[in-house]
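See below for the structure under consideration.
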Amino acid sequence: MPELLETFPNQFPGRDYEIEITCPEFTAVCPKTGQPDFATIVITYVPDQSVIELKSLKLYLFSYRDRGIFYEHSINTILDDLVASCQPRKMTVVGRFTPRGGISSRITAVYAATT
Amino acid sequence: MPELLETFPNQFPGRDYEIEITCPEFTAVCPKTGQPDFATIVITYVPDQSVIELKSLKLYLFSYRDRGIFYEHSINTILDDLVASCQPRKMTVVGRFTPRGGISSRITAVYAATT
Amino acid sequence: MPELLETFPNQFPGRDYEIEITCPEFTAVCPKTGQPDFATIVITYVPDQSVIELKSLKLYLFSYRDRGIFYEHSINTILDDLVASCQPRKMTVVGRFTPRGGISSRITAVYAATT
Amino acid sequence: MPELLETFPNQFPGRDYEIEITCPEFTAVCPKTGQPDFATIVITYVPDQSVIELKSLKLYLFSYRDRGIFYEHSINTILDDLVASCQPRKMTVVGRFTPRGGISSRITAVYAATT
Amino acid sequence: MPELLETFPNQFPGRDYEIEITCPEFTAVCPKTGQPDFATIVITYVPDQSVIELKSLKLYLFSYRDRGIFYEHSINTILDDLVASCQPRKMTVVGRFTPRGGISSRITAVYAATT
Amino acid sequence: MPELLETFPNQFPGRDYEIEITCPEFTAVCPKTGQPDFATIVITYVPDQSVIELKSLKLYLFSYRDRGIFYEHSINTILDDLVASCQPRKMTVVGRFTPRGGISSRITAVYAATT
Amino acid sequence: MPELLETFPNQFPGRDYEIEITCPEFTAVCPKTGQPDFATIVITYVPDQSVIELKSLKLYLFSYRDRGIFYEHSINTILDDLVASCQPRKMTVVGRFTPRGGISSRITAVYAATT
Amino acid sequence: MPELLETFPNQFPGRDYEIEITCPEFTAVCPKTGQPDFATIVITYVPDQSVIELKSLKLYLFSYRDRGIFYEHSINTILDDLVASCQPRKMTVVGRFTPRGGISSRITAVYAATT
Amino acid sequence: MPELLETFPNQFPGRDYEIEITCPEFTAVCPKTGQPDFATIVITYVPDQSVIELKSLKLYLFSYRDRGIFYEHSINTILDDLVASCQPRKMTVVGRFTPRGGISSRITAVYAATT
Amino acid sequence: MPELLETFPNQFPGRDYEIEITCPEFTAVCPKTGQPDFATIVITYVPDQSVIELKSLKLYLFSYRDRGIFYEHSINTILDDLVASCQPRKMTVVGRFTPRGGISSRITAVYAATT
C-alpha cells in the first residue's frame, strides 16, 4: 500500500548525504505455502527534495504482514514504491530472509536516478 | 543431477538485482577416503529471464550427499549446472569446507555472461 | 551400528576426569519427510575402565547418515550405545539441530552409573 | 488455539531428558497500539509420556499472529497450553521481545509437575 | 519522580514468573562535574499483584536526565521506587555505567520480600 | 552552539593524515514526541591548519542534550559547525541512532574542500 | 601508595549491594626483566560504611606504573590496600594479564569480613 | 620432563587465591599417526607454599613438542607433574584440542589436596 | 622441503577460480631464541594447470616444525615453493604470527604470473 | 628516542611484500593533564632494503611511557622515526586510543616513498 508512505522536505538538498534505515521486523506470507516469511530490510538512499517519514515507512512495511508475496517480488516492489514516493538520487533495498529448509536468501535491488 | 533444478520467470528483468542464497548443509563424499565432506555453499547471481526455484535447488544440492567428488570439482560443477539452468547475467559460487587434518578450504568460481 | 564403537583401557582410572567430544558434522534423515537433518553432537563423560576411541566414534556417528530417525530417538540411542560400549561413570549427550520451519531444537540426555 | 497442538508418545519415558525448542519468529499484536510485537520464544521441557510435535507447535505459535495480547499474557498462556497438551515433568517458556521505546523485555515462566 | 510509575494487575499471581527489562538509554548528570553519565539499566523481578507498565517506566527513567546523582544513589533509588510502586516478590536492579577516566562501573542492588 | 568548539594548530600540515573520533554518548530530543533520541556519532577528517580540541567537542556535542532536532538535521548541522570551526581538507560525520518502533537509522554526511 | 585512596560514606548501608569496577588500563613493571606488564583489573565488593571514590582509585592504580612487582604480589596488595581503606563486607580483585611468551595469566584474590 | 618446572615461595600463603594460566601454543605428536596435535592448555590452581615460575612452565610445556602422547595421557601427566612440583591446595588442567576428522576434544582433570 | 609438495591436474583450466587454504597450525622455531613460533597461514591462489594436493601441503607445512627461520623468511619461502610447485596464475601467502613481547605480526607476500 | 630502532637487511628486496605489526600495549602521558593515555598501535609497511627489528621496535615504543605527548603528535612522530630508520617503500601508522570523557580517537598517518 504505497499510499501509506509520507515524506517531508529535505532541508539539506545542496549536499549528497546518505540515510540508512534498518527494519529487522519485516514479515509477509509465502504465496505457495501460506506460511509466514521473516526478513530484515535495509534501505539506503541519498535524498533529493524529499525524505521518507519513518513512522509512515513502518506502517508501509507492516502492510505486507498479511500479503502473499515472493521474496524477489517484495524487495523489488518496496524499491519501486519508495522511489516513487521520495524520488531519491539513488536507493538500495536489501532483504535478508531467515532460513527455510536449511537455505537462507538475501535479495539486493538498486535504483539510480538518470540525469 | 542438474535435471532436478527448476526455474520460474523473472518478474523484474528490466533491473539488475542480486540474489544470494546460503546453504550451510552441503555434504558430499571424498572420492579418496570415502569419508563425508561438509561445506557451506553461497550462490550469488543476477537473474536474467529466470530465477532458480529454492526447493529444487535444495534437492539438487542434496543429490551430492552420496556422490564421491573433490572440492574443486563440486564447486565448478554446481556453477556449470546453475548457469545452464537459469542463464544468469552473472553468478558466483563459493564453498567453504570444514577442516580436514587441520586445514580448511574455500573455493570460489565466477561466471559472467558474454555480451 | 553400535558394533562400530571401540574403546581402549583408561590409563588413569584412579581419577575422575572429564572428556568432552564435539562433532559438528552429524547428519541423519527425517523419517517423515525423507529430507536430511543436521546437528552438532557434544558428548561429555567421565571414563571408568574404558575410553572411547575417536576414529571409531566418528565411524559410528557417520553410520546415521542414511538412517531415518527422529531427533529424540537419535540422541537417546547414541547415549545408550556409548554407555553400553565404554561403561562410563557418567555421560551426557547433547544434539543441537539446525532450524526447520524457523524452529531449532536441542536434545540433552544424561546417564549416571548407579553405585 | 491450543487445539492446534499435537503430541506423539515418548519412546524413552524411563529417562529424564531435556528438549529445548527455539522459535525466533514469534509475532503478535499489541492490544493497546495495534502494532505488531516480535519475540524469540524458547521452550525447554522434560517430557513424560508425550513429546510435542514440532510442526503443530509451529502452527500453534503462528496462531498468535493476528491476536492482541500483552507480553506477560502470551508467555503464561503458551506455558499453560503446552503443559495441558503434553503433561511434561517440567517446562520453562522464555520470551525475549524486541525493543519498544528503547526498552526490551524478557519474560520467563516455569512449570513443575507436582508428585 | 516515583509518581510517574504506573502498574496494572498481574493476571497470573498464582505463578512465580520473572520479568526482565533492559533500558540501554539511561542518562543522568554527575553532581560533581556537571557532566552527563550514561548507563544500561537492567531490572529483573517476580511480580506479586502488580506489573510495572513499560511506558510509565520509560518516563520514570527519563526523569533522571537532568538530575545530579551518583551511580550508587541512582541504582538504589530506582530499586526503592520500583519496589514501592509494584510490591514485587523479589527484584534486582543493575546499572552498567560507561567508562570515565578509563574506569567503568556496574552497580547491583537486590530486594527480596520478607514473608 | 558552535561557539563551544575550539581548535589548536596542526603541527603536521605538510602531511594528509586522518583523525577519527567516536562518541557513543550523543543524545538529543525528538521535536515531534519530546522523547530523547540516542546515537553514536563518528567524525572522520583530514585536518588542514587546525585540529579540533576534544574537550570542546565533547561540550559541543553535549549542547544537543536538551535540543529538539531531527536526525538528518543534527548530523548535517554537526558537519557544518565542525567544518566552519576547523576548515578541514575533508570530513565525514556519521550518526547511528538507536531503534524506535523497530527501526534504526544511520545518517552519513560528507564534506570535501574545493581546491 | 594506599594513602591515595579516598572513600565517602555509604548512603545505603542497610542493604547489601554490589559494586564492580573495571580498569583495563593497569600497568606495572616486571621486577625481573624491567619490561612493562599490562592487565585489566576488576574489583567487586559489597560496601559496608564506606564507598571507594573512583578518581582516587584511578590515581592509586596509576601509582603502580613505575613499580617493579610480580603479578601475584600486585593483586594481593591491591586487595589488602582496598580492604584497609573501605572495610567492605566482601571484596574480590581479579587481574587478567596480557600474554608473555605465549602465556597469559589471571589472578583472583578474595576477602570476606569475619563476623 | 618435570625437572624443568621451577617454583618460588608463595608470599600470601595465609589467603586462598587462584592463579589461571592459559597457553594456546601447546603441541605434541600423535603416537598413532606421527602427526602433530595442537591444544590450548588452561591451568587453574590455588597455591599453598609454592607458586609455579611461568618461564619454567613454558619450557616444560614445550618439552612435549616432539613427544608421542595421547590426549588423555598428556593432560593427566601435566596435572601429575604440576601437583608434584608446587603441591597446590587444588588444581585443574584443561586441554582443548583442535579438530581431527571433524571432531574436537576437551579433557579436564582435577586435583584436590586431602586434608 | 619443497619436494614434499604434490599437485594434480586442474580439471577446469578454462576458468579463473580461486582456492583459499587456511592452516591455523603452523609452527617453526625462532633462529635467535630457539623458542617455537606459531602462526596461521592463509594461501589464496588461482590455479593454472595444477592444483596443490592438500595432504602434501600439510606435510610440507609440518616440515617447518624443527626449522629455525624468521617470519619474513618463512612466508616468502612458502610462496616461492608453492609457486614453483603448481605454477599458479596468481597467489598470496599470509602468515599471522601470535604475540611475542606484546607484539603480533602479519606478513603478506603476493605473486602474479607475468604474461 | 629513534636511536633505539634497529633494522636488518631485507632478504627479499625483489618483491613487494607487506609487514603488519600490532602493539596493543602503547602508553604515553597526556601533556595537559599528566594522566596516562593508552593505545593500540598498528604499523603496516612494505620494506625496501631494511626490515625493522621487532625487539628494538618494542623498546622504541616503550620509550614513550613517561613522555608527555598529544595523540596526533605521537602517531606522526612514530611514522617519521620509523620511515627514517628503515626507509620503506610505503608505511601506515594507526593509533587507536582508549576512551576519555566518553570519546575515543583513532589517528592514521601514511607515508609513500617518492620515486
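Letters A, B, C, D, E, F, G, H, I and J mark the chains in the order given here, with residues in each chain numbered from 1 onward.
Here is the rule we use: contacts are C-beta pairs under 8 Å (C-beta built on N, C-alpha and C of every residue); 3 or more make two chains touch, one makes a residue touch a chain.
Just so you know, these numbers come straight off a predicted model, no measurement behind them.
Any chain bridging subunit C and subunit I, meaning touching each of them, is among B, H; the list is complete.
Superposing the C-alpha atoms of subunit A onto those of subunit J requires a rotation of 145 degrees, given to the nearest 5. Of all residue numbers used where subunit D meets subunit F, over half belong to both copies. The two sides are thus made of the same residues. Its interface matching that of D-F in over half of the contact pairs by residue number, B-H stands out among B-I, B-H or A-D. Between the chain pairs A-D and B-I, more C-beta pairs are in contact across B-I.
If you average the CA atoms of subunit B and of subunit G, the two centres end up 56 Å from each other. Averaged Cα coordinates give subunit A a centre that lies 52 Å from the centre of subunit G.
Separating the CA-averaged centres of subunit D and subunit H is a span of 45 Å.
Subunit A and subunit E have Cα centroids separated by 37 Å. The set of subunit A residues that touch two or more partner chains comprises 24-25, 35, 38, 98, 100-102. Pairs of chains that satisfy the touch definition comprise A-B, A-C, A-D, A-F, B-C, B-H, B-I, C-D, C-H, D-E, D-F, E-F, E-G, E-J, F-J, G-H, G-I, G-J, H-I, I-J.
For subunit J in complex with subunit E, the touching residues are 35, 38, 98-102.
Looking at the complex, you find that subunit C touches subunit B at residues 24-25, 27, 35-36, 38, 62, 65-66, 98. Looking at the complex, you find that subunit G touches subunit E at residues 10-12, 15-25, 47, 51, 54-55, 57-58.
By the touch criterion stated above, subunit D contacts subunit E in their complex at residues 72-73, 75-76, 100-111.
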